[in-house]
Amino acid sequence: MTKEKVVLAYSGGLDTSCILKWLINKGFEVICYMANIGQDEDFAAAEEKALKIGASKVVIEDIREDFIKNYVWPAVSYGLVYENRYLLGTSLARPCISVGLINCVKQNNASYVSHGATGKGNDQVRFELSCYTLLPDVKIIAPWRIKEFIEKFEGRQDLLKFAAENNIPVSVTPKAPWSMDANLMHISYESGILEDPNQEPPKDLFLMSADPREAPKQGTRLEISFVKGFPVRLIDDETSSIYNEPLEIFLKLNEIGGKHGVGRIDIVENRFLGLKSRGVYETPGVTILHHAHTDLEVFCLDKEIYRVKQTLRDKLSDYVYNGFWFSPEGQYTRKCLDLAADTVEGTVKLQIYKGSVTILGRSSKSSLYNADLVSMDKHSGFSPEDATGFINIHAIRLKEYHRALNE
Amino acid sequence: MTKEKVVLAYSGGLDTSCILKWLINKGFEVICYMANIGQDEDFAAAEEKALKIGASKVVIEDIREDFIKNYVWPAVSYGLVYENRYLLGTSLARPCISVGLINCVKQNNASYVSHGATGKGNDQVRFELSCYTLLPDVKIIAPWRIKEFIEKFEGRQDLLKFAAENNIPVSVTPKAPWSMDANLMHISYESGILEDPNQEPPKDLFLMSADPREAPKQGTRLEISFVKGFPVRLIDDETSSIYNEPLEIFLKLNEIGGKHGVGRIDIVENRFLGLKSRGVYETPGVTILHHAHTDLEVFCLDKEIYRVKQTLRDKLSDYVYNGFWFSPEGQYTRKCLDLAADTVEGTVKLQIYKGSVTILGRSSKSSLYNADLVSMDKHSGFSPEDATGFINIHAIRLKEYHRALNE
Amino acid sequence: MTKEKVVLAYSGGLDTSCILKWLINKGFEVICYMANIGQDEDFAAAEEKALKIGASKVVIEDIREDFIKNYVWPAVSYGLVYENRYLLGTSLARPCISVGLINCVKQNNASYVSHGATGKGNDQVRFELSCYTLLPDVKIIAPWRIKEFIEKFEGRQDLLKFAAENNIPVSVTPKAPWSMDANLMHISYESGILEDPNQEPPKDLFLMSADPREAPKQGTRLEISFVKGFPVRLIDDETSSIYNEPLEIFLKLNEIGGKHGVGRIDIVENRFLGLKSRGVYETPGVTILHHAHTDLEVFCLDKEIYRVKQTLRDKLSDYVYNGFWFSPEGQYTRKCLDLAADTVEGTVKLQIYKGSVTILGRSSKSSLYNADLVSMDKHSGFSPEDATGFINIHAIRLKEYHRALNE
Amino acid sequence: MTKEKVVLAYSGGLDTSCILKWLINKGFEVICYMANIGQDEDFAAAEEKALKIGASKVVIEDIREDFIKNYVWPAVSYGLVYENRYLLGTSLARPCISVGLINCVKQNNASYVSHGATGKGNDQVRFELSCYTLLPDVKIIAPWRIKEFIEKFEGRQDLLKFAAENNIPVSVTPKAPWSMDANLMHISYESGILEDPNQEPPKDLFLMSADPREAPKQGTRLEISFVKGFPVRLIDDETSSIYNEPLEIFLKLNEIGGKHGVGRIDIVENRFLGLKSRGVYETPGVTILHHAHTDLEVFCLDKEIYRVKQTLRDKLSDYVYNGFWFSPEGQYTRKCLDLAADTVEGTVKLQIYKGSVTILGRSSKSSLYNADLVSMDKHSGFSPEDATGFINIHAIRLKEYHRALNE
């Protein structure tokens, strides 16, 4: 009898290696899927390890360009930010990886997807809702929510024991007292010692960015250009280097932001499941882009379109955080936001220094800014008497309210 | 015949001095009202100047405490921010000053208020809507919108000529090529050379804050405590000094923020009248408070109350910017937001360094954060199987949408 | 050993009678709780039946007054309506009944609540979220979601068989080919033949209201007065009768509305679980109140407070439909909406005729309506020239947009 | 010297006839523009009258089809409704007429537009903002806001006197004690005796619709089909007639709605200028369409897309009422709403009777309604246990809130 096929989102780590073996023991044929989304990983070693454990196949896919062009660039253009601070680095990666997983399911005639996301977190939701939307008939195995699995693996010691028993190689590097998730856009840190929200993150936690206090004494000046809300050119003023390709723009900004300690945040956030959780994030490059784009956007867009866009942005930020990137409402608001970005075009000058991003100026051919109109020294197209009428009409309602209150 | 009385919002500068004289020439009795709202001003000299020009009386009022307690503290608690960046330093001062103006009108049986705000700006609206709401029958003289006045004073030269002709003393300090407005909370800069949005602000423009590049090499660590969303205690970890009074908390934060170059922004914003304008602001102390409060708020508040609050915050930010602090909707949303702040109580630890504010940790007795519940190592009160149901139910709608699209 | 106690939301019908017996068979002591919320029910017969089946106790509570004052009146005042049409008759009853259930749990030292709500519906969510909020430690038994129970009772035949085997009396009235839920406010109908959304509801379905085509040829004229958004007086112009007590106002309006065929709707709605479902509702009295209050509210409230209120109303309508009446956000928005209702005071004249409610006029001491101000024949307090300025200032932004588009 | 040319929005009535003469006396060449937008008007007589008074030209344009296809159909599709009740009949007509006015300005090389809208109303704003957006350099003459004009014509008697002196023919029909505005979609009534908000509109006021009490004893059954939110077919079940063209669908619905007394409302509304005003409207055909479309829309659209759409609808309703149809935000939200309408396709069955519109059923190929999924008798694709998880996860937050409150 043919075995049922599972595509496992494989990381090469202890958890998913044990899950791989556990699934095989359950009688499944397991294909390991690894997305190269920019994390620091020895893919060849991971492949070897998975095959050794018993995977029937390992699929490694470089989805970095897809991630940047179709998830990160739009997120910058939409201005997505969760609960006023989190730039959604992990939330954006999940649907992108899910596309890879589902393609792998289809190409291999598999029926199942499996993953190592925990039962209290957001990632299980993001993976599964994405997969179910892309392929409604797919079945999902989430071991960390299966009673038998949880009871077998109550703590890390049980995983290590199982690994030893099953000849699963274990990294000799001692595990950090927190968990992390990395991609091109950011690294997130949570759990372990970070669960105490008053405990300052240790200095050696951060991998992408320097401590601002140890960043260079000399800042870096940049120019970033956008067309329809998407970054299209980066100029490093120091070196006069010009970058035009998405991936190179991205990597250069990560390098500069990282060097200068940009994009670290330490927050408590509300998970989709209703729990509050503490997260530490570092997002060097996109933090720079977010500042630049925010500046250009208000410069270019009509005042009221901007307000409608903010309403849609806030909705989409929650959708994306909660795993609804591919949902009907996710698709719909993205289309609406794309329409709004049409005239966001121009160049922003910035300085990056010791953890901060400073806007130095902006220019645009499509801006609605009109220096003559706003100038205190010119009357062009403006009659000051009109402002009197404008104010007086607005005052009618306020005076009436006062009158009624005092009657 | 008794002359009609005007209360003039007097600044001591060239513009309002000329307006004072012009009103006197028009046959009015003019009472000069000066609010001490924290700006750097020689009030005694200004008083002497006004009396010399012909004011019948000069009223100087220290409204700093009122400003902090009733405008700035609530703004921090509500999280007010205009177009994602501007903390509304000038917008908050206007209604506070207007209360002083109207009190002065009432106490002196005056009929008019006059001010030197320009015809393209927001301040005219803020002053006048506040005054009309507080005293619907008051009449307002806005010379910069009166044809006769504008035609007489086409440029600065005309003001200087008029001053010379009328023995109005003029400051010998040459005028900066931009205009500014200062209060305890911030200084704003606009116009002149800043009207080119691509022109970097000159280094010597900023008066409240150091250039981050010249700020101390050593950061400062602080603890700020809030009750019902209002700051109630500041501890400077360096000196172990403790500050409990609103004014002293405020001044100390301004000092620390200013020293470390915190709170500078350079933006293009949408004025109420529909024009885009470029503004540079420095808001050292409140920028620190804004970061601290934002952190504590998400930590303490229920997830969904937080979302409703954000909706109301966005509305109120526009109301306040546009001059509607005292409007029915302004009063109503402030009451609603006060209700939301009830459980925002606790302490935030921060580091201030080279222009940036870093959150180091937070604690609160009223927080909904539950370390046991969120811990990856504990199951307390959480059944991982429930998450399966949660996800599956959410997937129903997504699968149906996919099904319908493909039918 | 003492048995564990369950409080069962008992209806007297076949389903909950079988559940009662099933729970007893499982070893529980079962207390039946019946809320008199205005449904047409022989409570004495139901009590006798429950005791005969084996309930240890039957608690019957008249919660009609509580329902009207604390759920229906606020809903009218807030203007709650789900997806533009449904007045939330069932959604409002559930939290009210849940209070009774939890009080019964506390008074009898029970640990469990059980109910007969189905697994696809909204009511299970409303009951359980309400109960969990009121008493977080309560445990809930929802048989229609328990595998063993569902497998035992696959269809109505299995229930009838179980009833016969266990001497549970069964109504001789044949079951209608739909299900219904009734309370003082409304009756809802769904399922069975109504599951075809194109199938017109049969004429004999409706129990509270006449077919408009068979309603009296003579309409009824009413006057309804409100204070702080709550109905306080009803005058039936035909009989000149005056009603002042909540329950009598309510019952009279139901009678009049029912007689004239008011308040029937036939909709497809989105359930909280994401399914679309077809529901037919008749809500005679509250439909009249909803029209009257809507009219008075716009008459009394400030324009912009009204808009903020609508935003909160839309949020709360979803909360209530989804079962979040007692949630943090439910409580918070209700407090905010209470604040807005302060000045909604006055009297509305209406005509009720053949299914329609027509507003004939309204009066109020607290209205902001000012006939002099709006009159085309008077200039009181209004300078037409001001409108020119108002329009011209608004036109600035529009002209600029046109200019930029064409550059 | 060539005279400056004005295009006057001419109605044929007393006001605009006097304005025509007054403009000529001021030295302008005046072209009268009359839009046939469905009002009851003798255009030939009006043309003759205008030419007799001295218009250099009269342009009469049938814009009914444009009005229906590009303003009314979209408004139905978007679900536009102002302050919960007003279907925006006048607000939609103004931008449509403005297009005609501006085309006339361009074709005749005119520089000015003039109109007879009053200084307290909304229509002046709608006309002028539309014109300024379509042709930013156009100049506008609004006599009812010009001091000289207002002082000359203080009341109706002054207009009659001026008419007599200038040989302007005056209708012998006595003027109704209210003003009205009519187009294909509706008639609005306001002012005069209607300024008392408690005064019931007289029976002879209504021109488009019968009093429901005098409507036929037999209702009419209809079927209306929509594609992408637009009406595409009407079947009158009584006569089995089928209508496919926009204008014929529209006229037939007006006839049926009018006959049965559908679409009368009597409201107090908030004008853009901040005044409250009382308006009586009759909108027979579009009221039927609004009910039908509302029903179909919830049937077809995804639950969350529907919610985003409602947010945009509420914004656009205000934009349109205030005169911002052609504004950047008006255009943008219309594009977004068009996207949402893509799957609103199907047929609604209705009964029209004595002023009420009753939905009898609906069908659609693109609906997300799934009878199998929602059926109480089927388990297809639904596991009841999942609902337990769904509820329990939602309960976490509520329990935590309760816990924190009681700590």
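Note that the chains are named A, B, C and D in the order they appear, and that numbering of residues resets to 1 at the start of each chain.
Here, contacts are C-beta pairs under 8 Å (C-beta built on N, C-alpha and C of every residue); 3 or more make two chains touch, one makes a residue touch a chain.
Protein names from UniProt, one per chain: A, B, C, D = Argininosuccinate synthase.
These figures come from a predicted structure and were not determined experimentally.
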item: Recurring contact interface, reference A-D, options C-D, A-C or B-C [over half identical by residue number]; value: B-C
item: Of B-D and A-B, whichever chain pair has more C-beta contact pairs; value: A-B
item: Centroid spacing, where centroids are CA-atom means, of chain B and chain D in whole angstrom; value: 41
item: Between chain B and chain C, centroid-to-centroid distance (C-alpha), Å; value: 44
item: CA centroid of chain A to CA centroid of chain B, Å; value: 32
item: For chain D, residues contacting two or more additional chains; value: 273-275, 302-304, 307, 327-328, 367-368, 370, 373, 382, 385, 387-388, 390, 393-394, 396-397, 399-401, 403
item: Chain B to chain D touching residues, read off their complex; value: 302-304, 343, 365-368, 370, 373, 381-383, 385-390, 392-394, 396-397, 399-401, 403-404, 407
item: Partner chain D, residues of chain C touching it in the complex; value: 83-85, 118-120, 124-125, 128-129, 132-134, 136, 142, 144-145, 147, 150, 155, 179, 191, 195-200, 212-213, 219, 264-271, 273-278, 294-295, 298-299, 303, 306-307, 310, 314, 318, 324, 326-328, 349, 353-356, 358-363, 367-371, 373-377, 382, 384-385, 387-388, 390-391, 394-395, 397-399, 401-403
item: Complex contact set, residues of chain A against chain D; value: 273-275, 302, 304-305, 307-308, 311-312, 315, 327-329, 332-333, 335-336, 339-340, 393-394, 396-397, 400
